[in-house]
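Take a look at the structure set out below.
The chains carry the letters A, B and C, assigned in the order they are written, with residues numbered from 1 in each.
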Amino acid sequence: MKKRTYDAVVIGAGVIGCAAARELSRYELNVAVLEKESDVCEGTSKANSAIIHAGFDAMPGTMKARFNVEGNRLMDSVSKELDIPFRRNGAMVVCMQESDMPQLQKLYDRGIANGVEGLSILSGDKAREMEPSLAKDVYAVLYAPSSGIVCPFEMTIAYAENACENGVDFSFLTEVTSISHCDDGFVINTTNGEYCAKIVVNCAGVYADKVHAMQGTPDFSIRARKGEYMLLDKSAGSLVSSTIFQAPTKMGKGVLVSPTVHGNLIVGPTAEDIDDKEDVSTTQGGLSTVRTVSANSVSDIPYGKVITSFSGLRATADTGDFIIGDHSGFIDAAGIESPGLSSAPAIALYIAQLVCSRLSPRKKDNFKAQRRGIPKLAQLDKEERAKLIEERPDYGQIVCRCEQISEGEIIDSIRRPLGATTLDGVKRRVRAGMGRCQAGFCSPRVIELLARELNIQPWEVKKNG
Amino acid sequence: MIRNMICIGCPMGCDLTVEVESGRAVSVSGNSCAVGKRYAETEVSSPTRMVTSTAKTADGKPVPVKTRIPVPKDKIFDVIAAIKSVIVTLPVSVGDVVIENAAGTGVEIVATASFS
Amino acid sequence: MDKHSLVVIGGGPAGMAAAIAAKKDGIDDIVIYERDAQLGGILNQCIHNGFGLHTFKEELTGPEYAERFSKQVISLGIKYETGSMVLSISRDKEITVVSRENGLRTVQADAVVLAMGCRERPRGALNIPGTRPQGIYTAGTAQKLVNCEGWVPGREIVILGSGDIGLIMARRMTLEGVRVKLVAELMPYSGGLKRNIVQCLDDYGIPLRLSHTVIDVKGKRKLEGVTIAEVDSGGKPIQGTEEYYPCDTLLLSCGLIPENELTLGAGVTINSVTNGPFVDDTLQTDVPGIFACGNVLHVHDLVDFVSEESGRAGHNAADYIKNNGCKANSAKIVTVCVGNGVRYTVPSTIDVGNASENIHLRFRVRGVYKGSAIVVRSGEHELLRKKKKIMVPSEMEDVIIKPGLLEDVSEISVAIEEGTV
């Protein structure tokens, strides 16, 4: 197999890898992203709380604090450039009794030290005025108006698409098996041939420790910390308008209750350290923990309206902080657990800086910062929608009835750069199958479209990877 | 010998008690109508079933079909095999005969939907 | 904006029967919006027989039953638009509909019949723990793949839920050469018709395990197997009863949910027991001129009852249109309450002032009742008693009330009197 040579190879097409690739694509650099799965956003990035945290939780001076607050600030421009849904819905951390007030105050002070803007402490009554479903015995809350919600799939996909449009190569089903040093940098052996790169960027999520150890001393380890969630129907999506957190512990930010940027209600996660880095199963115990614990902060969550449950793995480093740094051209972005999604835009900029300081590339003249997403017909006003359907009649053919997703949008999701090749790929790009019937009605039709577009038999269409 | 069975003649599903002598029903009780009696009599001597399935057109599209009348129960899989081996030519209308004598049962297989 | 006398939303058995009845009552300007490519709704994928005994006095398959109605729709000249999805209905009966052919339009209706049917309860709503691999389908989705798309998902399957579609699919998959290992049912009784247990499971030696459920799903990308366990009377899995079944497919037949998102958008009040709208005896919702019938109103066991009910909805919608939305008399409303053993009733109110015909009261029971009676009372006064050998939750019950019985009554209750027969 022929050797492929790049200035920089990014390992892992999660949100960090894709964001880093996109920031690198601003420069005259040959960049490749290697991903062991068949699509972007297949690991931690696809199963998390989908929150852009304000940044009051991390200890001042940590990378988590720095990149979280920076990342949060960048989200307005990033969401506009990449054409992705993002909304600052605000967050509340609840405090259940007067004796816990010092803890809330500490969180407030931390936020101020981290540079979080707009923080305030509100009485329980004041908070309940804003959030009537807040539990009756909530004594006070820390309110953070800059906290936001985002679609983690679309954020990752948008970064990847924009990187691709700006010349980054993506190689899927490419698992890195070994890395060796050479005169020019690194030789990366994969299940899909050999790659050479002056710089390697390690964004391998729960496997970042393993990838790091392939080329150097194994000086950190990553443990998978499982978090289980339940997602509720849109008819429950307005139960709360801001994201409701419980007091953070050393295991994380605890069970939150939040609207999603698409209008569902998300409740979770649990936090359990596990050994199997592939184990994304939900458990009876986990789901019932979500139910019981969530009741502490929000009353009357209508669990009869759960449409799906899932679990994700946080990549928790034994150092307690993000591990981001350059070791002779091997750049780690490891241990990116929460607030990783929030930090992604800032981490990506920092990685680009690290690469640039080694290679001193020129900025591209023709870099396209603006990505246009697939039109979301259901969210357009009537005239715009009617006009688009006139231009493209397949935007008028509804396939996913729950989310009102048209055939045109599904075809777009398949034909775009780095397009969908699986049912889950379509779902993450345009939400077909994401609604209350969970693809019961639309999957036969989506399978048919995928089979036609990919020129395969319908029974060969896969749900995932 | 007494056999208990549930009538499949209609959605009511009556619980039938059938007195069987040398493979024949001599009395039936529990039925609400004549269908139940008939069902019990056939069921103890030579049980039959309607078979529904899909045949295919030349380009692999399924066409729903059924046996025009019930076939012997032990012939069901033979009938299915016969249906699988036939290619339906379009257009086809409800009631069109797809197979004249399915698996030697003497029973026709007919289309149950129309396609042009 | 286009205007129509009657807009029927959904071209399945309910919508077609409603439109046909309204047309026969003299309403000419009718349109049916159907989201699929053809009329018939879910019947088109129900290729098994067993439909139509009440309506046509013969047993038809689903597509045959559908064609009997679609032929009438066509011969009566009723306008219908396929591939057309209604996106919203306003309280004023302004309807937004979208299609490939006609784009996005808003039409005004004098009356609306809701006939959108129902959807299946998905895995996510069942809170089955485990992984989320390929190979888990609702029974109806699998039915669509096998019967309409022409390919069979899986070689070895387990079915959770003994609803009729699950039972029918157990047989269908068996005939396609698939090994159906078992059907597990959470409840201590089957969710489907008895005849389907006989002809779909017993005939093929497929075991039915009552009071059992799936407690774990294994397999990262593709389904590898499921763990089944017995449950106690509260539905909780009993430790030590776990059994692992390797399989590549899990079919779910765990209940149907009326699809009332459009209905809610129109401001119609929904009954949380049926997940369908509250209606009066004319099948009118609490928004004047909006009627509901079929599985969008409450989940039926037999399509024949859907057709009958929907015909009444169409007839009443026609009356509403002819009376320009005014009721003939000042209404006298009787409320129908649920008593012992009765989950809900349709209708939930009766407009006695207007009721001239017999009133069909349909409902489902909470459990299995043998040798019991359905009793309709007004206070202590017994209005009606109907004996039943057996009543089960999977079958719909009905009583027919003569309007004369309700003359001096403001409230009636329907209850099961246990073991009195």
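Here are a few things to note about the model shown:
Heads up, the rule we're going with is that a residue touches a chain if its C-beta (ideal position, glycine included) is under 8 Å from a C-beta of that chain, and two chains touch if they have at least 3 such contacts.
Because the structure is a prediction, the values reported are computed rather than measured.
When C-beta pairs in contact are tallied for every pair of chains, the largest tally goes to A-C. Central chain (C-alpha centroid nearest the global protein C-alpha centroid): C.
Centre-to-centre, using mean CA coordinates, chain B is 26 Å away from chain C. Separating the centre of chain A from that of chain C, both taken as means of CA atoms, is a distance of 39 Å. Per-chain CA centroids place chain A at a distance of 55 Å from chain B. Across the assembly, chain C contributes residues 148-149 that each touch 2 or more other chains.
Listing the residues of chain B that touch chain C in their complex gives 5-11, 13, 49-54, 56, 60-62, 64, 66, 73, 76-77, 80, 94, 112-114. Partner chain B is touched in their complex by these residues of chain C: 44, 47-50, 53, 59-61, 63-64, 67, 146-150, 175, 193-195, 197-199, 203, 301-302, 395. Those residues of chain C whose C-beta lies close enough to touch chain A in the complex are 35, 83, 85, 87, 96, 98-104, 106, 119-120, 122-125, 127, 129-135, 137-138, 140-141, 144-145, 148-149, 151, 153, 215-218, 220-221, 237, 261, 264. On chain A, the positions that touch chain C within their shared complex are 230-231, 235, 278, 280-284, 286-287, 306-310, 382, 385-386, 389-390, 393-394, 396-398, 401-402, 404, 407, 436-441, 443-444, 447-448, 457-459, 462-465.
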